[in-house]
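I have a structure here, written as structure tokens, and I will follow up with some questions on it.
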Amino acid sequence: MSRNAPLVGIIMGSDSDLAVMRRASEVLTEVGVSSETTIVSAHRTPLRMVEYAQQAAGRGLKVIVAGAGGAAHLPGMVASLTSLPVVGVPVSGRKLDGLDSLLSIVQMPRGVPVATVAVNNAENGGLLAARIIGLSDQAVAERIRARAEKSANDVLERARRLEAVGPAEYGE
Amino acid sequence: MSRNAPLVGIIMGSDSDLAVMRRASEVLTEVGVSSETTIVSAHRTPLRMVEYAQQAAGRGLKVIVAGAGGAAHLPGMVASLTSLPVVGVPVSGRKLDGLDSLLSIVQMPRGVPVATVAVNNAENGGLLAARIIGLSDQAVAERIRARAEKSANDVLERARRLEAVGPAEYGE
Amino acid sequence: MSRNAPLVGIIMGSDSDLAVMRRASEVLTEVGVSSETTIVSAHRTPLRMVEYAQQAAGRGLKVIVAGAGGAAHLPGMVASLTSLPVVGVPVSGRKLDGLDSLLSIVQMPRGVPVATVAVNNAENGGLLAARIIGLSDQAVAERIRARAEKSANDVLERARRLEAVGPAEYGE
Amino acid sequence: MSRNAPLVGIIMGSDSDLAVMRRASEVLTEVGVSSETTIVSAHRTPLRMVEYAQQAAGRGLKVIVAGAGGAAHLPGMVASLTSLPVVGVPVSGRKLDGLDSLLSIVQMPRGVPVATVAVNNAENGGLLAARIIGLSDQAVAERIRARAEKSANDVLERARRLEAVGPAEYGE
Amino acid sequence: MSRNAPLVGIIMGSDSDLAVMRRASEVLTEVGVSSETTIVSAHRTPLRMVEYAQQAAGRGLKVIVAGAGGAAHLPGMVASLTSLPVVGVPVSGRKLDGLDSLLSIVQMPRGVPVATVAVNNAENGGLLAARIIGLSDQAVAERIRARAEKSANDVLERARRLEAVGPAEYGE
Amino acid sequence: MSRNAPLVGIIMGSDSDLAVMRRASEVLTEVGVSSETTIVSAHRTPLRMVEYAQQAAGRGLKVIVAGAGGAAHLPGMVASLTSLPVVGVPVSGRKLDGLDSLLSIVQMPRGVPVATVAVNNAENGGLLAARIIGLSDQAVAERIRARAEKSANDVLERARRLEAVGPAEYGE
Amino acid sequence: MSRNAPLVGIIMGSDSDLAVMRRASEVLTEVGVSSETTIVSAHRTPLRMVEYAQQAAGRGLKVIVAGAGGAAHLPGMVASLTSLPVVGVPVSGRKLDGLDSLLSIVQMPRGVPVATVAVNNAENGGLLAARIIGLSDQAVAERIRARAEKSANDVLERARRLEAVGPAEYGE
Amino acid sequence: MSRNAPLVGIIMGSDSDLAVMRRASEVLTEVGVSSETTIVSAHRTPLRMVEYAQQAAGRGLKVIVAGAGGAAHLPGMVASLTSLPVVGVPVSGRKLDGLDSLLSIVQMPRGVPVATVAVNNAENGGLLAARIIGLSDQAVAERIRARAEKSANDVLERARRLEAVGPAEYGE
């Protein structure tokens, strides 16, 4: 169901980013937000990027989640070509621990914001898009709340178990 | 007008952050989004922070823009207490150039995203909130587009002048 | 014995931090300081965190040792909700080598200190709590001194062996 | 009064650190904790440092607050020569924004903790010492609480004023 | 003369970069390479950027020198839209000392190189372009060699003076 | 063919860099630019380095691609001994992720530029040389364009497949 | 032979540093400089450290090579307790890639220098000591020169082989 | 006197480094070590650098102190061209706080050590050279010891004054 009439476009510079970015798709499905996932490379397919960004609003997308590594230009360039909110997910490469992609995404100049999340944290990229969608979709907002509650309960349960057995016996 | 029925809550940990954060308020007014601005300190008024975050959605806020410096906990803590989208603005202190606040804001764990913008870039914090509001308010979206167009025209005009007089004569 | 009437509360944001934080519990037991260990997530259970911090002194805790990773807000938030000394242990994630958690914990604003120790060094988190407890418990202070002496003797013994066999033959 | 029977020893590597470290003394006086302040250089007076650290407990000191810059060895060396809790205050030099002193102080090996606070934040160094003293002195603990409450009220008052006049008119 | 039939296009994201980038123009004039200077913003005028990059080769440009700050996308995006060599000049902003722009420019993915020079070193940006032009223009190559020789002689002269008067008397 | 009459000299400080640098040779062969590859160590064979750099232009080389790690002096020193364009490839060592070599290569003083590419990205080192060669060799320029087009088509094909099967089923 | 009448004292904070530091001993033996190797912990055996440093010159040592990790205080503290030249070798820990130990060792205050070498590069620590010894021992100086020449010849031989077989066939 | 028969050669890449490097000359004069000071640029006068380094030992120099900024190649290149001990002084530029020059100097490969001191700390560069000279010149060693003793006494005197007047009254 989530692949029809997508509200969120998930894009990445290379299919090698999919191992990280897939999580955005999964979490959006989990909270009932339809999404599409594709590859749009700022550097290898710049014109496709222009087209994708310019057509996004017209195609009914509400949020774009863009993941990229290294000199990560995709999120910022897309943000300069649309008025939709754009979420940036820094993907770490083999060196520099994603600091290069984080700075390349977050340090946008005045006028063109990118909503940056943590390095490799595509789950948060998806959830941020869901929070935005949830502003106009009560069911989504409710699922986000339920998800947070479930997460809290999970912490409480583990806390109780840890308190019961003690840190020495607790099997992570 | 922008102080009635605010859609965006702009908060900061200290009034010393206002020199940076005021820009968020200004740009929201510019694109016709009502906002409120106040001080909510994660470390000095933690219970006020809990209250503010928990009541935000009920009070009609759609987005919270939170600025903080150093060990900047305000945006992430607020995000953990509401399902609204939360925008984080890292404010630089006297040392470390805001790298501490940037990492403290952006590196949130899975489940609780903060939409982080550039160090000291409260204008982008405001504009990101405006893009989100613009999803359900065509007039706002239109003003964002007009603003971007005006900015593009401003570049073109300066470019023409620079091309005309040359870099040696161009007065910045 | 160390789980009754705990003087030190060891908390962490997730049970995935236990592999690091368990060491705080062990070292406290070693020097005869009772402790409790549980999970308190700043972001997933913020209200539990408020409650835990506010009740800590009343429950007889003297020191709180809090470990967290990434945008590590737990130690600082707890410190803002209690007047007890709070020790922060930065836990490294998969990227950035714990620099994010170190800065998120140590760079607290004026008024709310967190006693930060080295990245992943929960042993020192526990020992710092023990030094504090030792101020009013001679037996604990004595055990800390004995432990340091044993550690010094261990160095001396290894030094003698290394001097005897030489660096080429010494088996680490 | 605070210079008699000191409970906290405030030391620094050079009198050039006093502009930063003086704040530790002031805040301790403010919450009624007696302290002494002197210069102890790890590198220029290493034997004085050994003596100071070894005699601290016997002289009745409960906590040592040590500030140092650059390759900041003073806090860690003192911690290796006493079982008292030692608080380290990284002092920034002209270059590197105190990152060198922060890492030199906080990254202590297992066995010898230093309670590190933020760069140049001697106020927090003093307050951390006060929290520790407050464990066995109710009057001090009460003054710390009162100070935090006053700080919270100050935030609330500024927040009310900011809400009343708006961000454009608020004079920082 | 150097503004006719330009071989090198010098572009920057904003006229605020001109204080840095003007040096590229000057040094190219100095070695007899014609250049043009204009403003092309990746984020404010993305389509102008596409057009500029795509037409550059056809207009006779041989090298593009692009300066940008923060999330500096201009050099890399231009490099993805042309096969000409593109030189990137990281321009520092108020914070982070240009580390963000350096990483945003240099860390390009495989397939799209940017020839990055030092932070704010537009002189080297220009000289790198000149070295490239000099491959097919002996007069330019000769002027580059003469310039280097003059620079060496200048060092020698200052060295002789320093040796003569000694470091105490030498007026910088 | 590409080993005769080389236009590009690929050098590195040690044969341990060959695992990275070989890629420069391969990509140059791919686009039809002849190259030679050898070892020239700035620190172990400084006079060989002087000789190599001084003779490069005379031997017909047009571009030098120099890779080095750690205190990476080879690219900058070669650039100071020739007027040819020199491309620097930072090679990462076991520690510091190549940040040391990146800064050692890129931060050249005014007057002596090195065209620096991303850490370990010898492919881009080779392609940058090819772009320069392509300025005077249409066949090379055409092959670079064809390569970019092929790369774009590869993205499109993968994008279509990802869109067809969805992110869950797509096998990277 | 090299363990009698040692001229160089090699010390380290823990036998876990021996895997790195052993190389200093080996290279000194190689160039005919006698050395001793032992463990001296700044933090676990501070008084032994004082004694070692104070007696070093009297025992005939000429240079001390000190390796340490994390908050690496050993080299600087020893340098403050002797007038002998002290060489510091930063040893990397599990996190931060040795940046903490590098800064802790190199950033010494005016008056007390430590001759710092690269992270984990105990070979250079040993060779630096050897260069110093070589100032008054022609045989040592000659062996250092011969070693450098051998190293250069090794480069030349590998270069010739690489040139002969080409980068594709060369087996590293 | 100190300019005749110099034992220490102080060199720097540019006379703009003299403001920092002059201190090396002064401190050497102070402890009675003759030195010479001149400009030797790795990048602008590479052949002069080769000559200087190769002739240094023959001219009677015992130690070379080399200061440089940015991509600081001078100390390492000189070290590769002589067997004398070479001391490197990282000089900070306008950006990056000297981290670039520190890493460019200290991270030398195995075989060619540079004795690196703190950023801008030419005094320590000079003193390190003096410690080496002092190994074979008792008068120098004695002056170094006297200087350290004077420095210790200065600390003691300031400490006594600070203790007497208290931190509030002490005028720095």
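A, B, C, D, E, F, G and H label the chains in the order they appear, each numbered from 1.
Definition applied: a contact is a pair of C-beta atoms (placed from the backbone, for glycine too) under 8 Å apart; a residue touches a chain by one contact, two chains touch by 3 or more.
Since the structure is predicted, the reported quantities are computational estimates derived from the model, not experimental observations.
Contacts with subunit D and subunit F are shared by G, H. Farthest from subunit F, judged by the mean position of CA atoms in each chain, is D. Chain pairs D-G and A-C differ in how many C-beta pairs are in contact, and the one with more is D-G. Farthest from subunit G, judged by the mean position of CA atoms in each chain, is B. Note on subunit C versus subunit E: their Cα superposition corresponds to a rotation of 180 degrees, in steps of 5.
Spacing of subunit D relative to subunit E, judged by their CA centroids, is 48 angstrom.
Mean C-alpha position of subunit B lies 36 Å from that of subunit C.
Taking each chain's centre as the mean of its C-alpha atoms, subunit E lies 34 Å from subunit H. Look at where the CA atoms of subunit E average out and do the same for subunit F: the two points lie 19 Å apart. Residue positions of subunit B touching 2 or more other chains: 14, 44, 70-71, 96-97, 99, 106-109, 111-112, 114, 118-119, 148, 151. Chain pairs that touch, as defined above: A-B, A-C, A-E, A-F, B-C, B-D, B-E, C-D, C-G, D-G, D-H, E-F, E-H, F-G, F-H, G-H.
Within the complex formed with subunit G, the subunit F residues making contact are 3, 10, 14-16, 18-19, 21-22, 25-26, 36-41, 44-45, 48, 70-71, 94-97. Across the complex, subunit B meets subunit A through its residues 62, 83-85, 87, 102, 106-119, 121, 123-125, 127-128, 131-132, 134-136, 141, 144-145, 147-148, 151.
Residues 13-14, 42-44, 46-47, 50, 69-73, 76-77, 79-81, 93, 96, 99-101, 103-109, 111-112, 114 of subunit H are the ones that touch subunit F when the two sit in their complex.
Of all residues in subunit C, only 92, 97-99, 118-120, 148, 151-152, 154-156, 158-159, 162-163, 166-168, 170, 172 touch subunit G in the complex they form.
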